[in-house]
Every structure is written in structure tokens, then in C-alpha cells.
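Here come two complexes built around chain A, the first alongside chain B, the second alongside chain C.
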Partner chain A sequence: MDVKAVILIGGARNEGTEQLGGIPIGLLDVLGRPILERVLDRLEKFGISGAAVVTEIPASSVPLARGSIRPGMQWSEAQGSQFWRAAESAFNDFAQGGSELVLVVRLGAYAELDYEDLVQFHLDAGCRVTRVSDGAGIPLDTFVISASRRNDAAYLFRHELQEMRVPCDDYRFAGYINHLRDPKDFRVLALDGFAGIANLPPCGKQIKPGVWLGENARIHRNARLLAPCFVGANSNVRAAALLTRGSVVEHHTEVDCGTVVENSSILQTTKVGAGLDVTHSVVGFQKIWNLRRAVEVEIEDRQLVSTLRSAPVRMLNNAAEMALMFTRTMAQTLLGRKSARTPELREALCQPAAALKTSEHTREEGLPAGDLLSVRRYGNE
Partner chain B sequence: MKICLVTAFPPSRRGLNEYGYHIARELQRDPLLSLTVLADELPSAEPELDEFDVVRCWSFNQLKNSSRLLKCIRDIRPDVVWFNLLFSTFGDQPIPAFAGLMAPVLSRMTGHYTHVTLHHLMDNINLKDAGIRFPRVYRAAGYTATRMLLMANSISVLLPAYRRTLMERYRGENIHFRAHGILSARPEPPNYNLRGVNGHRILAFGKWGTYKRLELLIEAFRLVAKKMPTARLVIAGSNHPMTPGYVESVAAQLKNCPNVEFTGYVAEEQIPGLFRSASVMVMPYSSATGSSGVAHLACEYGVPIVSADIDDFREMAEDEGLAILFYGTGDPQSLASRLIDLLQNSELQREMSEQNFSSALRMTMPQIIRQYLRSFDLHKRAKALEPISRFRRLPAWVPSRSAIFRAAAPRWSPWM
Partner chain C sequence: METSRPVVVKRVPERMNFRQARQFQQEVRPFFKIDRPQIVFDLSAVRLIDAAGIDMLLECMTEASRRDGDLKLASVSAQAAVVLELTRTDRLFEIYETATDAVKSFSSFLPNAVRQFYPGVGTAPAFSWNQRDGHGTHHAPKETEEAA
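Up next is the complex of A and B:
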């Protein structure tokens, strides 16, 4: 039987959900591989090899899901209302191509479905469309549509997968599901991968029980990795850094000296500055999502969190920076001018906060706002 | 956190010994703190108070106080050195007093975080009232001493006006305003049944002789006694160190006056009884030398206050929400009329009492000390973060970041 899949990345019901820093969670890496790639692998495992991916994000973000694109795969981008039209069009292409059934999967939720069983259920029920829902009856935005039922498919896409033309039986799935609505779900998915609850094995070599390293990952000999943890390909963990309690450092990431990463995920191409304590958070795209406080903080200071560019760009940038510094120093020496001094920590604390427009030091008491400054529990204490 | 508190400390009776004691008592309650009191030497050997680690390492009017203090501080190696100071803490002679005031800056220079709680400013003291013969010389020395004190890491003053003066006139930094506090952790509500029994008791409390004089009060009390014959005046406290024999001379003049009682020095344990039975507390001062500890004691026991109309006291009342009736400074008629108005109006007494007591509840000693500790803790954290903050500024192209980090901050990572 010719079964194809249309994978939709986008079309979230609520604004701001199912994405981190504007990137759909489905395109982000979890334990070394994008969720999209893992879904495609699962489909392939059940013999569903042809897939079309429709995304709502610009083409520049696509390389995030590197490795997901494979031969014979259609990839299209469409924003706003065109997104659902593009999905419908992908369905029609498969129908015209002779497919008998088309699976529509919106990421959305990550579910470890038994696609064989799902297809069999659809055929047994004789429905035009079969919807998948979880044990509690909540729809998972996964459907099996008979390819000949174009009108039903069109109706479904035009109602953004929320209404069906003809009522049908739900396929109740009781296996592993993660709705991936927010950073917390994303983090839980990584932990479930470590624990083996989800079938998401870390992509790397297990150097000791519970510690995985991706290709070309560099770990300084004075860094500590406590199981379970994962360091993705081409990442760099510098001296005195500590990764612990299920921390995940994705590919092309740098954890600078003395930084502690505890129960956190560092997204791909992120640099985490020196001497920080990153706990119970997801970090990336110059943002920190703290899971305990349920807050998202944008970090402007690139010394703390920044996004790494590709190696050649970085090299050029460093060379330019070095040349500029030498030129500036020479000029200052010749002209006898002093360079603008970066404020010390305590001075910086007294300066007005950009967001709050007020100083950390209250005018009357001269005390800083309670918890904004904290020192790690590790180190010399 | 290890703290060295430099203060006059009981059983010494020097200025600020009571305040120093209450600071120490609060600090001692915190199990995470280690406190050493660097106190003044006693004229004769007396047993130290239980539970306190007291090192008596400086003397009143000694020139070597700074170096002796520094030696002690070096031995103890505290995280914070906290000075509880008046300008006359180290001596009433100008040179020893000035030499002693160098201790905070020297302490900072030796690398210790130094905090000064300054109870008054020379700029706000009426030197004439204080009996100073060469006010200009004292002003110049006071200016220099203030500048030296400002070289400490941080300073706390007890009136907002002092903070303004230090910031505007001296261009000082890290100056905090902190309320004086009421010297108690849990003040007891006033018992109104104890007041006005066999006549109202008018209480005056302090160290008498300089800017705290009794003549005006006694004159005003005579006027009060004419209208309220059962009223009693209780004059508590001893002589100011600069005016020995003053209280005794006044007492001798009034020995035939049964309505006036002199208690002399009041020990800590006798203070509650004294204040609980008082209907009103009078502050008959000619000028002020800072936030009034006596006013805060009155608040602690919910006693209404009548005070001379002095700017510092007005500001203190406004900032801390104290109920104070002000009379014209130096005017006995005004003081007497204020006292009579208050003593004849039980509702007003109760209202003022409750307001003062509620103010007291907002500034208990634990709350005040917590503010200090919070700022010390902030400093400690900022200090711990500073090396790493500098390290982060290294440009990305600098090679061997790991090696530099290890060399620069080995203490950061004990697992290395």
C-alpha cells in the first residue's frame, strides 16, 4: 500500500506556543537530532518513505533542521493563510501521484505512534478520515486520510485541522506523547530521552555510563560531566565547566569556563559565557527560559549568552576584532587618549536597567532588588 | 560571614554602648554569622557579657587606637568590619578622636570590607552648644574626618538629611539611610493602666549637660505643676562626659522639690519600668546630633513625645511616622502649654502612643540589622563575581581561555 506523509511545522493554535525564540520546537535538536528528523525516521521505519514538509518559518531557519532534508522529500514554506493551502496542495500532489493513504502529522505534539496499527485501524473502520487522539481524548493533530477523499482533506485543512467534514472514529493512542507546547515540554522530552521513556536515544558515543558525546565534541580535561548528560557534535566545553542532572548541550555550542549547567538544555549554536549558573532552564537564541519561574528573559549582553556564527565567519570576525583593537590601542597611544572604560560589576549594578529604566539600587535604601544577583553554590563556598 | 563590630560596648558606658550592644545582640542571634566585638577598654576589670566574643583593643583618648584595631582586624580576618561611630567615639580630645577616625579608611586599605554607621555629622552639630572653644578648627577637622570616613566602603546614616549632606557637600558614594530602630525584637504593647497612676509622669532621658539641658524643662515643669499639681518630672540619665557634675548641681537646686525625681544612670533592665509608667517623654534639646535614640525608646514603649522644634527631629518624625508634638526651641511657655494640652487630653495621649508603637513595629532591630546584612551579603556576592566578570571581557580571539581561567581564578572550581 502506498502511504505518504505530510508533515506540518507551524499552525499553532495559540500564539507563542510550540516555539522557542520564534523557531518551531519541531525543528530544534533534542539529544543531537531534530525532532522532525526523528519523526521522519519513525515513519520510514514503518515503511512510509515519501514525505512532504510544510513549514511556516522563513527559509533562513531551515538549516536548523539540518539532516532532516533527504532525497525525494518535498520542502515548502508558507506563511499565514497560505500555510494551510500549501498543506492542501502537498496532499493533492500525493493523491495525484497515486498514493492510497496520506498521513497528516502536525508538529505539534511528539507522539511515538505505531503507524502500522494506525493505518490498519483506518482501513478496518472504513472511514474517510481517521483522527488520532491521546488517552484523554485530546486530538494530536495527526490524521490518516484516504487519498481519494480530496474534499474531506480540503475541508480539514481549511478548518486548520479542527473540524472534519464527516464525523469519524478517533484512534486512541496510549503510548508516549509530549505535546511540546512550551520550553518545559521540550525539556521533559530530553529527560524522557535519557530515561528511555521516549525512544529518543542520544546521538553520540557513550563515553561512560549516561554520558554521550557527539562527533568532534571537545571537553576540557578539567570540565566535569555528570551522568546523565549529552554534548552534541562540534561543541566545546571549557575548563571548570560542569554539566549535571540531565543537561543537554546541542551541536556547535560553547560552554565557557567555570559555567555550571544543571538540569538545562543549551540549544544549538549557543555560547554560554564564563562563570554562569544555568539551572532549570532552556538557553538559546539569546534567551533564557527558566522553567521553575516560567519566565522568558532576553539577554542583550553577549558576554553572557550569544549565538555562535559559522566557523569561517567567526574567524573573520575575530581577526577583524583583533585588528581593530590593535589599531585603536596604537591610535590611543599616539593621541594620548583614554579608552572608554567598561563599568565594573558594582557600578553596572548601580546603572539603570534598560528594561526597567530604574537603577538596581533603590534611591532610598541603596539596596539591590532581592534575587537579581546570586552566586553559585559551587566553587569556593 | 565573619563580622568585626567596632563599638563602645557594655559594661563600658561610653557613647553608643547601648546601640552597639543591641547590634551585637541581633547579630549574635544569626547562627550563620560569627561576630567579634572590638570594644573599648574598661577603666577597671569587669566581667564581660555572656555569649559575646569581645576583644577590648582600644581606649578612649588614646593615639594608637587605629593601629591596635588594625592589628586585631588582621588577626581575625573578618569579611566585614563594621564601625558604630560618633565623632567622639575614640576620644573627647581632638587629636585622639581624629586619629581613631582614621581606622575605617585604614581597615579598607588593608582589604577588608568596611562599613560605618555614623550617628551624626559635624556639619549638623551646634558646636557652641557642645561646649567647643574653637569651632572653626573643629569644623575643619570635622570636614577632614568626614572625608576620611567616606573612604570606607559604605556608610549608613540615620537621617535622610545627613545622606543628602554627604552626597551633595562631600560628593560621597555608597551612602545609605537606615532608620535608627527601636533596640528590641518584639516590643510589648503599652499598658495604659500603668500611666497616670497618682498623677502623670513626665520623663526626660539622656546624657545631660551639653545641648541637652534641664533648665528649660524645669522652668516649664513649674508652669505645668501649677495647673496639674500631681504631675511628676522624672529626670533619668547621667552627665554627659563633657559636663561632669551637671546633673548633681541641678539636683541640688531641686532637692526641696518632691515632684522632681532624679534616677541617675539607668541600667538596661530598668528601662522598661521607667518608660511603661511615663505619660509623656520630653526632649528639651537646644540642637540635635542626629537621630534620637531616646525618641526610638519612647516609640518602643508607645510613649507620646514632646520635642524641641529642631529640623532633624521634624524630618525624623516625618520619615519614620513618629507622633511628636513640637514646641518652640528654648521657649518654656511653649513647652509647658504643649505638655498641659497633652496631659489633659487622654485621647490624644492614646492616639500618639498607638502611632509611636506602630512605628516601632515597623523598625524593630531585626528588621534594621537585616538591611545591613543584606547589603554586606550583596557586597560579598559582587566581590565573588568580579573576577569572572572581568574574565568574560576577554575578547573571543584570545587563545587558551581555559588556561587563563585556571590561572586567574583557581579558587572558583575546587573540582579542578
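Up next is the complex of A and C:
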């Protein structure tokens, strides 16, 4: 039987949900791979290889889901009301191409459906459209539509998957579901992947029980990784950093010296500054979503959290910084000035976070009065 | 017990980047010039605070400690709390749920007022201070007044 799939990324019911920093959660990496890619893999596992992806976000964000675009896949972008028209168009293309059934999946919720069982249910029930809902009857925005029923499909898309032309049976799914409405759900998905509750194995090499590293991930020998944790491809964990309690560091990410990441996810291409405490949070796109306080905080200060640029831009920046450093060193040598002394241990411990030391905002007197001492809770120091 | 020295409560502005932090520090500088200053910063309005803002808080705390006084924080907004925790500076300050509690804490130990991971963050502060000027107001703890 020829079954195709239309994957919709966008079309959230409530504004601001199902996305992080304006990027739909479906396009973000979880344990090394985008959710979209994992869904496509699952569809392929059940023999559904042809898929069309309709997204609501601009083309610049598409590289986030690298690897999801496969040969023969249709990828289209549409915004606003055009989004649902594009979905209808993708359905019609499959119907005209001779497909018998079309599966419509909106990401949305992540559900580990048995697609074979779903298709069989649809055929047995003899419905035009079958809707998938969870055990409590909450729809998952996943449908099976007979390709010949174009009017039903058009009606469904024009009502943004909320109404059906003809009532039909619900397929109740009792397996793993994560609605992925907010950062908390996103974090829970990663933890479920670690625990094996969800079928989301971390993409990387397990260097010791519960610790996975992606390709070309660099871990400083003084950094400490406590299971379970994951460091994505091309990421860099610097000296004295600590990753603990189910922390996830996605690809092309940098965790600077002495930073503690506890029960948190660092999204792709994010740099976390030195000497920080990132706890119970999702960090990325210059924002922090603190899960314990249920608050989203925008961080403008690039010394705390910043987004890493692409490799060529980084290379140019590094070259410029190096040239500046040489010039400064030469000027200091010529003027006979001494370089800044290395701070002593007691003085260094009194500084709360290295990221706080702004260049234009230096203190006149480094040490606070009295015997004030701040001590790290974790790490080797 | 504490003396009848006044406690200064100062509301911190909504944005605390480099420029605002400098400006705010200039405003509060006179309060730290006195002997044993007792200052409370009300952070309920803070929506954005960066490294310069945190640095300013640390400098104020240092200044207060140098003169044998203290700086306490109150009604910390969720946004400020996240940045304080992120930069590991939350443990350097006494933080109270309301400015009233912070003011009282200068004269007596308040076990119930000591926050445990900022209870009540996000709720409106119960502090009923003079809203008309919206800036620093001198408070004298009740016990102090009675003693005086």
C-alpha cells in the first residue's frame, strides 16, 4: 500500500507555544538529532518513505534541522494563512501521484506511534479520516486520510486540523507521548531519552556508562561529566566545567571555564560564559527558560549567553582578535608596560563569575572588605 | 538589638545595563557614605539585568560592608532571580520576599522571611511603601521606634 506523509511544523493553537526563541521545537535537536529527523526515521521504519514537510518559519532557520532534508523530500515554507494552503497542496500532490493513504502529522506533539497499527485501524474502521488522540482523548494533530477524500482533507486543513467534515472514530494511542508545548516538555523529552522511556537514543559514542559524546566534541581534561549527560558534535566543554544531572549540550555549543550545567539543556550554537551556574533551564538564542520559576529571561549580555556564529565568521573574528592582541602586546613592549598579573587564589575565589568582569567596568579595588569568600559547590577546585 | 538608624529602601529600575547601573549607583552613592548604612534594594521592577547590573550590586555590597553596614535584596523578580542564580551571586546577598521583611531583618532575625529558592517569586510584593515618589524612602523599624 502506498502511504505518504505530510509533516507540518507550525500552526500552533496558542501563540508562543510549541517554540523556543521563535524556532518550532520540532526543528530543535534533542540528544543530537532534530525531532523532525527522528519522526522521519520512525516513518521510514514503518515503510512510509515519501514525505513532504511544510514549515512556517523562514528559510534561514532551516539549517537548524540539518540532516532532515532527504533526497526526494518536498520542503516548502509558508506563513500565516498560506501555511494551511501549502499543507493542502502537499496532500493534493500525493493524491495525484497515486498514493492511497496520506498521513498528516503536525509537530506538535511527539508520539511514538505504531504507524502500521494506525493504518490497519483506519482500514478496518472504513473511515475517510482517522484522528489520533492520547489516552485522555486529547487530539495529537495526527490524521490518516484516504487520498481519494480530497474534500475531507481540504475541510480539515481549512479548519486548521480542528474540525472534520464527517465524524469518525478516534485512534486512541497509549504509548509514549510528549505534547512539547513549552520548554519544560522539551526538557522532559531529553530526560525521557536518557531514561529509555522514549525511544530517543543519544546520537554519539558512549564513552562511559551514561555519558555520550558526539563527533569532534572536545572535553577539557579538567572538565567533569556526570552521567547521564550528552555533549553534541563539535561542542567544546572547557576546563573546570561541570555537566551533571541529565544535562544536554547540543551541537556546536561552547561551555566556558568553570561553568556548572545542572539538569539543563543548552541548545545548538550557543555559548555559555565562564563561571556561571546554569540550573534547571533551557538556554539558547540568547534566552534562558528557567523551568523552576517558569520564566523566560532574555540575556542581552553576550558575556553570559551568546549565539555562536558560523565557522567562516568565527575564523575572521579570531584572526581580528589575534591581530589586535599582537598589536597590543607590541605596544606594551615598546612602552615598557608590564602585563596584567595573574590573580592569586584568594582573590580569584572572591570573584563571583568571570563573565561579570566587563572590560569597561573594572573595579578600582578588587577585593571586598571583610573575609568574604565564595566557594564553588562543584568541580575540582 | 539594633539602633534607631534608618533603613533606606531603594527601588531598582526596570533595566539594569551598563548605563543604567552607573546612573543608579550615582543615585545611591550618598546612602552608602554614612556610617553603617542599612540599605534594601527592591528588585520587583527589574526585567533586564546584565553583568554590569550585577557588578553594581556587588560594588554596593562591598561599599556597605566596608562601612560595617549591609545591603539586602527584596522582592526579587523572577528575571533578576534567574540572572543572580546564573552568575552565582544569589548566595552573596540576604534575599527577602518583601521589602518589609528586609527592613525588619535589620532589627531581628526572621526565620520565616528567609527565602528558600525565592518562594513567592512572581507574586505581587506585599510591601506598602510610599508609591508617590517611587524612589528611596527612609524607614525606621517598628521595634526601633518603640525602643526610641
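Note that the second predicted complex is superposed on the first by the 320 of 381 C-alpha atoms of A that agree within 3 Å, B and C clash if a C-alpha of one lies under 4 Å from a C-alpha of the other, contacts with A are read in each partner's own complex, and residues count from 1 in each chain.
Rule of thumb we're sticking to: contacts are C-beta pairs under 8 Å (C-beta built on N, C-alpha and C of every residue); 3 or more make two chains touch, one makes a residue touch a chain.
Here the structure is a predicted model, which is why all the values come from computation and not from measurement.
Touch criterion met: A:Arg292 reaches chain C, while chain B stays clear of it. Using the contact criterion defined above for the overlaid structures, shared-chain residue A:Ala239 touches chain B, although it does not reach chain C. Look at A:Thr279: by the touch rule set out above, it reaches chain C but stays clear of chain B.
Once the two complexes are overlaid on the shared chain, A:Gln303 sits against chain B and chain C alike.
Applying the stated contact rule after C-alpha superposition, one finds that A:Leu316 touches neither chain B nor chain C. By the touch criterion defined above, A:Met330 lies against neither chain B nor chain C after alignment on the C-alpha atoms of chain A. After overlaying the two complexes on the shared chain, residue contacts for A:Val166 are found with neither chain B nor chain C. By the touch criterion stated above, A:Asp256 is placed in contact with chain B alone, chain C being left untouched.
Chain A uses residues 275, 303-304, 365, 368, 374 to touch chain B in one structure and chain C in the other. Residues 154, 160, 174-178, 371, 374-375, 378, 380-382, 384-386, 388-389, 391-393, 395-397, 401-403, 405-406, 409, 411-416 of chain B are the ones touching chain A in the complex. On the side of chain C, the complex with chain A involves touching residues 17-18, 48, 50-52, 54-55, 58-59, 61-62, 65-66, 78-79, 81-83, 85-89, 91-92, 117-118, 121-122. Partner chain B is touched in their complex by these residues of chain A: 220, 222, 224, 238-240, 242, 256-258, 273-275, 303-304, 314, 317-319, 321-322, 325, 342, 344-346, 349, 364-368, 373-375, 378-380.
Contact residues of chain A toward chain C in the complex are 275-279, 281, 288, 290, 292-295, 297-301, 303-304, 352-353, 355-358, 360-361, 363, 365, 368-370, 372, 374.
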